[in-house]
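Next, two complexes with chain A in common: one pairs it with chain B, the other with chain C.
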Partner chain A sequence: MASRYDRAITVFSPDGHLFQVEYAQEAVKKGSTAVGIRGTNIVVLGVEKKSVAKLQDERTVRKICALDDHVCMAFAGLTADARVVINRARVECQSHKLTVEDPVTVEYITRFIATLKQKYTQSNGRRPFGISALIVGFDDDGIPRLYQTDPSGTYHAWKANAIGRSAKTVREFLEKNYTEDAMANDNEAIKLAIKALLEVVQSGGKNIELAIIRRNQPLKMFSAKEIELKVTEIEKEKEEAEKKKSKKNV
Partner chain B sequence: MALQDVCDWQAPDAQGPSPHLPRAGGWAVPRGCDPPAFLRAHGPPLAHGTTTLAFRFRHGVIAAADTRSSCGSYVACPASRKVIPVHQHLLGTTSGTSADCAAWYRVLGRELRLRALREGRLPSVAGAAKLLSTLMARYRGLDLCVATALCGWDRSGPALFYVYSDGTRLQGDIFSVGSGSPYAYGVLDGGYRYDMTSSEAYALALRAVAHATRRDAYSGGSVDLFHVRESGWTCVSRGDACVLYAELQEPPKAGEEEASEAGS
Partner chain C sequence: MAATFFGEVVKTRCRAGTEEEEEEEESRRETPEDQEVRRQLGRKREVRLLRRQTKTYLECALLEKYPCSKFIIAIGNNAVAFLSSFVMNSGIWEEVGCAKLWNEWCRTTDTISLSPAEAYCVFYHLKSSPSVFLCQCSCYVAEDQQFQWLEKVFGSCPKKNMQVTVLTSRHITDYKTSESTCSLPAPFLRALKTQNFKESVCCPLLEQPNIVHDLPAAVLSYCQVWRIPAVLYLCYTDVMKLDPVTVEAFKPVLSSRSLKGLAKNIPPSTEMLRKLMTTNEVQSNIYT
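== the complex of A and B ==
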């Protein structure tokens, strides 16, 4: 029965589903994981890097993109769809600055992206965008923000979230380990993002891409070396925690 | 065009005649119509000529104006309002064609209100000035005459912008607009300091407009004085221009002289 309601997405199914939108969300679940964390003075985005073919130039695969100096986003899902959305968002950021003299707020650009996605769920001949996005940044009032959008065009603010493959596992890890006090420390926020990704990523730090924005500072992408340093730090902490535990047991 | 494809933007001329009314804020001008030539040949002399001034200082922005609306050599209204509130923290001084100023300020008010509802906060004064200048720039060459100073208090503190109907948009500390502006500038440039007290600022503004109304035929009537602070705008006073000038000419009172002697 479901197949009859797949054709044109403007059609509801009898029990109120928009199947194309739900299928788009399935496509998102196949994409590589992305994690976003909102600290007190920092926002962190981490993504799982798919291993590239031997002859492929790694630098051309970018999953964390700046939308403006103070906003950036990561996505999970179809890369081509993401490219279109990111282009439109970048144009909107500059148009907003041109018309109203102020840079966009993170909520504004999230709402723009979500409205764009919703438009594609309500016109004939088009299919929804197959991406979920994590959008982070600081507003000019200095407050950090993290938003998530999904193919249906809804958006919510989060303290920490994950999208893509194994999002559920990562989100449960974040729920267990996210504390407001820890997030007041920038380094802890970065390490939490890496730890969350290490849960689901094979072969450790090599397959992680990380970016941060600090208040009043531009986007900073971490180099592979810096990520390795953090991973080493995390492993050391784990070992010390193990040692303490074993001492207690003895 | 690449931008057109990406942004769904349509060049206005590319739109043919349509049964729909122009988009809100836009007025269609019939093709072949040449408003400036028509007005010059058949229209009444439009209201021009005024003295308005605005300056920003530590404690906010002062806006002052005369109240004479002239139509050629005829005084259409001796008590008009040339300082128009846009919202709680934004005033505009108007000069040029009164009708144009009134209409465009209402359009600006609507745009700002819509944005405030959508975004949860009002645009900054810089943004309001940008909106006004882009709204009017579409009608360039059609004889709009709006020369205005937007005075407001936003997240960046006291802000002052000058906007002209050809699209000029300037930021500054002191602006005076209108036929009486040279006289006002002379007084303002002589007495302006960013660190004035509010009463010094009021006195400076009143003195500038009074001198301008004295010498400029198209300025007169009363003097309006407004002050925009962090808490919003207030109308400080509206006083007759001739009375004000006479008061300025009086020598300082005896009591004041004693006070200054005691001080020194």
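== the complex of A and C ==
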């Protein structure tokens, strides 16, 4: 039945599905995992680094991109679609600043990206964008924001979320381990993002990229060394927790 | 003959069969060249088992030549990687034969020697227990070749005292369920067994109306007809290429009776798996 209703994007199936949109969501699952966490004073984006070919320049394979000084996003899915969406969003950020003399709010730019994605689910002969995005940043009022968009053009605010391959596993981990009190501490928020990624990433900290934004500060990308330090810290804590557990059992 | 509304007379096909139809049939009849092409194609599509060490073809069926108590077949790259990492590196396995076949999806060159890089179908037995057989099949066996494959491997009258385990994977979009595919915990295992398989399976049975396709289905049907105890473990995954998460989803099978004792040393297995991933990784920049 599906094959009769997935040729053209503008066609609903009898049971109300837009198959092209659902297939686009499958394309998102082919991208590597990205996780976003909203702390009290910090927002964190962590991604699973894609393995780079030997002769490829690593700098050109980035999953975390700044849209403006105070907003950045991570995506999962089709690389080329992401490039187009990011370019449009960046232009919109500057256009907004020039027109109303204020930087965009995180919600505004998320709504812009979501509206753009929705247009492509209702146009003849065009397929939807095959990406989901996690958009983080601070508004002028100093409140941290995390939004997620998907190929259908919906967007929601989240406290913590994951997209891409194994997103379900990471989301379940976040549901178990996210607490508002812990998120008041910046370091705890960063460690939660890394712990969530370590659940699904092969070969540990070497394959993780991390970015944070603190209130009134620009985007900061963590270096490989800094990530390794955090991973070591996490592993130490794990060992200590296990030692305590075994002492209790004895 | 028939008349249309406008009075013109038109020729129509006669269901009874007329002289004119015979004429058409003659033109459709095969020329000698067509027959020769068909013969050559048939020869090319023949499934043959050979021993690479001696570069000779096997005269009789594989399991007629060697006694077999356990036969584990891995079909598809994820199942093959699972056996390579978890079973084959825990013992010494000797190659006893390989299947040479050609079809539109599996174009092995028409020579007696197969290079390791080509899609292959290789049979091994465990040196310490030669009645335990393993098959690594990473090539596609077409519908018209499946019966030949079965005959060349099992023989025309297979013994019933062996147990067959088949491992394979399929894309989750093939899984029919009333739940939404987004909520399914991919990858996951399902099992299908023959009537004579009395042991317990290590995962839920495949629900209706799902069916099994291709060579795994052919093997299972063959075993059902010949009353051989056989079980198929099918992993539904959302990643069709070689993927460590999918390969590890087969791990519960290690606790089954057929694979128990064959897989030891789990840490080197994961190391082996990682190596397989890096050697097989095809650099694709489409998805990030």
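In the analysis below, the second predicted complex is superposed on the first by the 250 of 250 C-alpha atoms of A that agree within 3 Å, B and C clash if a C-alpha of one lies under 4 Å from a C-alpha of the other, contacts with A are read in each partner's own complex, and residues count from 1 in each chain.
To be clear about the criterion, contacts are C-beta pairs under 8 Å (C-beta built on N, C-alpha and C of every residue); 3 or more make two chains touch, one makes a residue touch a chain.
Just so it is clear, the structure is predicted and the values come from calculations on it, not from any experiment.
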Practice task
With everything superposed onto chain A, say whether chain B and chain C fit together or clash.
Solution key: fit
Problem - Partner chain in contact with A:58 - chain B first, chain C second, else both or neither - result: neither
Problem - Touching partner for A:101 - first (chain B), second (chain C), both, neither - result: first
Practice task
May I ask you to decide whether A:239 touches chain B, chain C, both, or neither, giving the answer as first, second, both or neither?
Solution key: neither
Problem - Touched chain A residues, chain B compared with chain C - result: C
Exercise for the section: Would you sort A:140 into first (chain B), second (chain C), both or neither based on which partner it touches? Expected result: first
Exercise for the section: Check whether A:175 is in contact with chain B, with chain C, with both or with neither, and answer first, second, both or neither. Expected result: neither
Fill in the blank from the handout: Rounded to the nearest 10, the angle in degrees at the CA centre of chain A toward chain B and chain C equals 150
Problem - Which of chain B and chain C A:91 touches, first, second, both or neither - result: first
Exercise for the section: Mind working out whether A:202 is in touch with chain B, chain C, both or neither, as first, second, both or neither? Expected result: second
Exercise for the section: Would you give the minimum C-alpha distance from chain B to chain C, in Å, for the three-chain superposition? Expected result: 21
Fill in the blank from the handout: The answer for chain A against chain B in the complex is residues 87-88, 91, 95, 98-102, 105, 108, 140
Exercise for the section: Spell out the part of chain B that touches chain A in their complex, as residue ranges. Expected result: 3, 6-7, 115, 119, 123-124, 126-127, 129-131, 134, 155
Practice task
Write out the stretch or stretches of chain C touching chain A in their complex.
Solution key: 173, 182, 185, 238-239, 244-245, 274, 277, 281, 283, 285-288
Fill in the blank from the handout: Per the touch rule, the chain A residues reaching chain C in their complex are 25-27, 29-32, 50-51, 53, 56, 61, 63, 75-80, 82, 165-166, 168, 200, 202-203
